[in-house]
Amino acid sequence: MNSETGIQTKKRKRKNKVIETSVIIALFIILAVILPVVIPAFRLRLVGRFLSLAIVALGIDLIWGYTGLLSLGHGIFFALGGYALAMHLNLQIPEGKIPEFFTLYGVEKLPWIWQPFYSFPVTILALIIIPGIVAGLIGYLVFRNRIKGVYFSILTQAALLVFYNFFNGQQELINGTNGLKTDTEKIFGVLASSPNAQRGFYVTTVILLGLVYLLCRWLTSGRFGRLLMAIRDDETRVRFSGYNPTGYKVLVFGISGAIAGIAGALYTVQTGIINPSIMQVAFSIEMVIWVAVGGRGTLIGAILGTMLVRLAQTSLSESFPEIWLFFQGALFLTVVTVLPDGIVGWFKDYGSPKLRSLIRRDQPLVTYPSLVEDPEVQQERDEIGGRR
Amino acid sequence: MSKILEIENLTVSFGGFKALNNLNFSLDSGELRVIIGPNGAGKTTFLDVITGKVQPTKGRVLFKGKDLKKIPEYKISRMGIGRKFQTPRVYLNLTAKENLDLVCNRKKNVLPTLFGQSDHSEQRTVAGLLETIGLDKRANLLANLLSHGEKQRLEIGMLVAQSPDLLLVDEPAAGLTDEETENVGALLLSLAESHSIIAIEHDMEFVRQIANDKVTVLHQGALLCEGKMDEVQNDPRVIEVYLGEAPENIEH
Amino acid sequence: MSTLLEGLFNGISIGSVLLIAALGLAIIFGLMGVINLAHGELIMLGAYSTFVVQNIFKLFGDPWFDFYIIVAIPVAFVVSAAVGIILERGAIRFLYGRPLETLLATWGVSLILQQFVRSVSWLLVISLGIFCLLFFGGMQLVKSRTDWQRVKTKAIALLLPLGAAIAIAFYFLLSKNSALSTPWFSSRNVDVTAPAWLRGGTDALGFQIPYARLFIIGLTLLCLLGVYWFLQRSTWGLKIRSVTQNRTMSSCLGIPTAKVDALTFALGSGLAGIAGCAVSLLGSVGPNTGQNYIIDTFMVVVVGGVGNLLGAILAAMGIGILSYLIGSGTLALVLTNLKAPQSLLDFFFFFASSSMAKVMVFALIIIFLQIKPAGLFPQKGRTAEL
Amino acid sequence: MTQATVQATDLMLGISDLNVYYGESHILRNVDLNVPFGQMVCLIGRNGVGKTTLLKTIMGLLSPRTGNIVLGDQPDGMASPRSITKLTPDRRAKLGIGYVPQGREIIPRVSVKDNLLLGLEAKPEGRKGNESIPEEIFELFPVLKTMLSRMGGDLSGGQQQQLAIARALMGKPRLLVLDEPTEGIQPSIILEIEAAVKRIIAATGISVLLVEQHLHFVRQADKYYAMQKGGIVASGSTKELSREVIQRFLAV
């Protein structure tokens, strides 16, 4: 019976894959095609924002859920992406002119940092690559010294604060605290806040969410993904197997940063403004809780968690704004103490078997393998069989 | 015969406490050496130094004639030293096959791992190894679900998958049943035909099973004696350390 | 010369605020391996306690008012310590050995505390009381009656939502009653008036030294001595050290480790309370006050090395002095006097504001960690491998 | 099972049907063991058979899946015996179990004096403010008197062992549990420790449960239990401890 288990798992795997693919396609159709028609524009914009946040959540899941690195500084990369796109939008003005806010600080020449953002392709590249490189660099400086665990988390948080301060302080460069508006700017000649542009952003978000999901799926499923899990579970052992974990961690942190950059850009155009407050400590930790609520280590969980928490936040803070923080605090506590594997984990462990037994399709129990050959157990089984 | 490992005047101290004290040791290529000694004799530290986890305070370690000082663990591992830990350290959230596949990977840099897939020869190695360690029927089970003995064997398999020249095995029989112990012993003996092995062990019956070559006894971080199993067994110093009485006193 | 001296004094003064704020954090992290992100909120609670004590003393009139701070310090200590104990018993003790989880849990607590300060009113307090009465009272009842272990989960699953529902219903029923539901503090900042003898300053060294700053430096020193004495000389201090160094053996020696954990946490939290008292003398205090301190204090712990008082002192002073010298432009000024090359001057002037100084100091910390990844005084042993 | 006649009421410690697991691996199998009041009982067996696990379970560091542990209350046995199976280690210590663990477990960065004072915590009423170290301790282990201000971690292995025993005695226990007190220690100090334990028993009438491999020490006990693969396989008076038993369960 043992030789069959291998085949069975393979069969089950294939079946699972079919289910997964069809669910994803169905979701994609609902999100990209049906939803824009059904719900009003301002709600759609809200959903679009949630979906772009789900993209960061995927990035966080990649490093936290799979690699075990808890970053509390993803706001940096998120903001970098957002700023890059916002700068491009702010440069959609006649040749020779500079964005209006510059006159407030008496700046007359466009700072050199702005120059590349005239070009759309460069902007797109920049909003992916800059956050990626910044993340990789921070990661390299930290991982190289085998600083890990909470130290890493604290350092990313400190880095976040530093970027927050830097962006706040640089008025002549990027309008400091006021940030950059995108709603009043144009993209491809269309006003960014117009329904058409917004619908475009929305669909782009859905498509990118799908692509990022596939990327994360690819990264976490192969040998590379297994190595990430190995690093999470036992980094020392990985070293003794001849791998240098530093490179892997840097790469995956960089990718996660780049993903956050994409998300930030999408979020910015669907919010209408970006300013340094996006890099507040609270927001970056919140990202982590989305993943935790959904279930770390499962990509679907990251998306689900984000949507649920954000929905709860919107509905709660619309009606009782003062309660939201209590609720959020309680959420952190519950997820950590009672529901460590999140909703998806809980469903896998309890919900799914319950549901299956309800519809009478129990899964065969996976028994502890050594029991199979244990003579005592075998005898017991024979006895039970005999009684029947 | 050429020496694969030479250790000269090795001292390791942790804040005043000398875990290893002026130790000299050498291993012929192709030899299976068993190291025994009471708890706290410095056996695990000995392995820590060879694998680069701990840096020597004094003295040096030569592997195939090359000084291992300041070389990071992963490079030492790539040079051909594989280590098995005392409690089996396998990746619990991966299947047995995936565990082996991960270690079997020939190109361990980031990009080849990301884009490369296991080629045929690697897949064959993994399949062969699964059979050698007797886990071919459990290949697709999460390592978490394996029994203790199976985990021990899996970790030994992972060592071999690394295709090292020198295997360092720390208490492979700890916590195993009699039958499992014998399995592991047979596995080690068959591996000894093509590898150099250092095995640290407590279980004397097991030591007798595998010690065809020399046995080294460590005591308080230093070499107490070295020789064939019978010689070591009857060495009064060893008996002193282990039993506190010479064998003739056992009868009363 | 006097600019430099002034810079040094101000740096030390900033450093001592950092140190007093970081002290409790360092103790909790160093001894228990717990990252307490709610530490800032415990500081904030200390500051609010000071505010309340001050208001009570205002009622007593003038000669008494000047001494409110002497009462406020122990009160702040006790309030924060009590919250710390509740936090440890209620959540953290389930999370030992999982530092990332404690980090998230304590963050949740910090959010709750922030909002609590904003919306605390008699009504909220009464509702909380009702909840506690229902939940814990109910638990006691169940505990005494039937076989406890079997029905434990069920009892919690029943009592928790029931108690919460009744308390919330009560809250909303009476929330129209403005006398009960007016927030005590609301989300506005509150100001603590320093007693007369702490206002003003002295010109002893050729520049203005505010008494309040001197008081804080003194208070920090006192706290340091107190902590040192408690950990090194007292009976409970010995138990705390023993449990940190070898938990299992300590329990085998008859030391109640759970009690020791709670005590350690209370000590660290109480120190945060005292820090809050000190902070309230420097400016107005709001629900978000704690957030301003949390990262700086963590940097002190990271640079100092875990579980080492001397490391924390050096790190706090180092960071304090550097931040001030860079941020106030003192360094740039001194360099100008030294006729340093223009590019260097531009560089330092660029960072000459308190927020930009943070950028520079962080960069320096990262560079420092490249040389000493485990901080100034790396600890050997259990907590080292977090 | 020659000593099966011990009256239940004379027991200091009674263990029945104990089963302990580490994860999935079954470490202790149906262990029954009794320590009669005022006697010294020795548990023998090779490394890794579960002796230390048993002692840890007695101390409450591991919890058994099944089985019961009872502690006698009065000098004349279990007049009011109580089960301690569910108590935490510190409660057990306060009920009068003094533990000297394997590897000594001295608190490293605490002075020798403070290490000793920590032993007072095991007294039922805890440590009173200014208690000092009784002179008997220094009579048993004179060497400690000269090192009171040294850090515990800086002592040599033998000194640490003496300190560990002294620390356990500080709490005036009624049952002393010793885990390989002679392991890795110089012969001369082994004799000192042995003598000290004998004096303690003579002076206080304390009961002792000892895990030991050092034969000379084993013979000081009244009764032995031999362990193999997690189960008790032989027991009896140490006078009847035959060469065959030693060869089977203890020898190198």
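In this document, chain identifiers A, B, C and D correspond to the written order of the chains, with residue numbering beginning at 1 in each.
The rule is short, and it goes like this: a contact is a pair of C-beta atoms (placed from the backbone, for glycine too) under 8 Å apart; a residue touches a chain by one contact, two chains touch by 3 or more.
Quick caveat: nothing in here was measured; it's all calculated off a predicted structure.
Counting hops only between chains that touch, chain A reaches chain D in a minimum of 2. Between A-C and B-D, more contacting C-beta pairs join the chains of A-C. With chains reduced to the mean position of their C-alpha atoms, the one farthest from chain D is A. Centre-to-centre, using mean CA coordinates, chain B is 33 Å away from chain D.
If you average the CA atoms of chain C and of chain D, the two centres end up 44 Å from each other. Centre-to-centre separation of chain B and chain C, using mean CA positions: 48 Å. Counting only residues that touch two or more partner chains, chain D has 24.
Shared contact sites, meaning residues of chain A that touch two or more other chains, fall at 368, 370. Shared interface positions of chain B, i.e. residues touching 2 or more other chains, are given as 15, 147. Chain-to-chain contact here is organised cyclically: the chains close a single ring, every chain touching exactly two others.
Listed by label, the pairs of touching chains are A-B, A-C, B-D, C-D. Those residues of chain B that touch chain D in the shared complex are 15-17, 38-41, 147-148, 171, 173-175, 177-178, 202-204, 219-220, 233, 238-240, 242-245, 247, 249-252. On the chain D side of its complex with chain B, the touching residues are 22-25, 27, 46-48, 102-103, 153-154, 157, 180, 182-184, 187, 190, 213-217, 229, 243, 246-247, 250-252. Within the complex formed with chain C, the chain A residues making contact are 70, 141-142, 144-147, 149-151, 153-155, 157-159, 161-162, 165-166, 168-169, 281-282, 285, 288-289, 292, 322, 325-326, 328-333, 335-337, 340.
Chain B makes touch with chain A in their complex at residues 51, 53, 72-74, 77-78, 82-83, 85, 89-94, 98, 101-103, 105, 108-110, 113-114, 116-118, 137-141, 145-147, 150, 158, 162.
Here chain A touches chain B in the complex through residues 2-3, 5-6, 9-10, 219, 222-224, 226-227, 229-230, 233-234, 236-237, 239-244, 247-248, 251, 366, 368-370, going by the rule given at the top.
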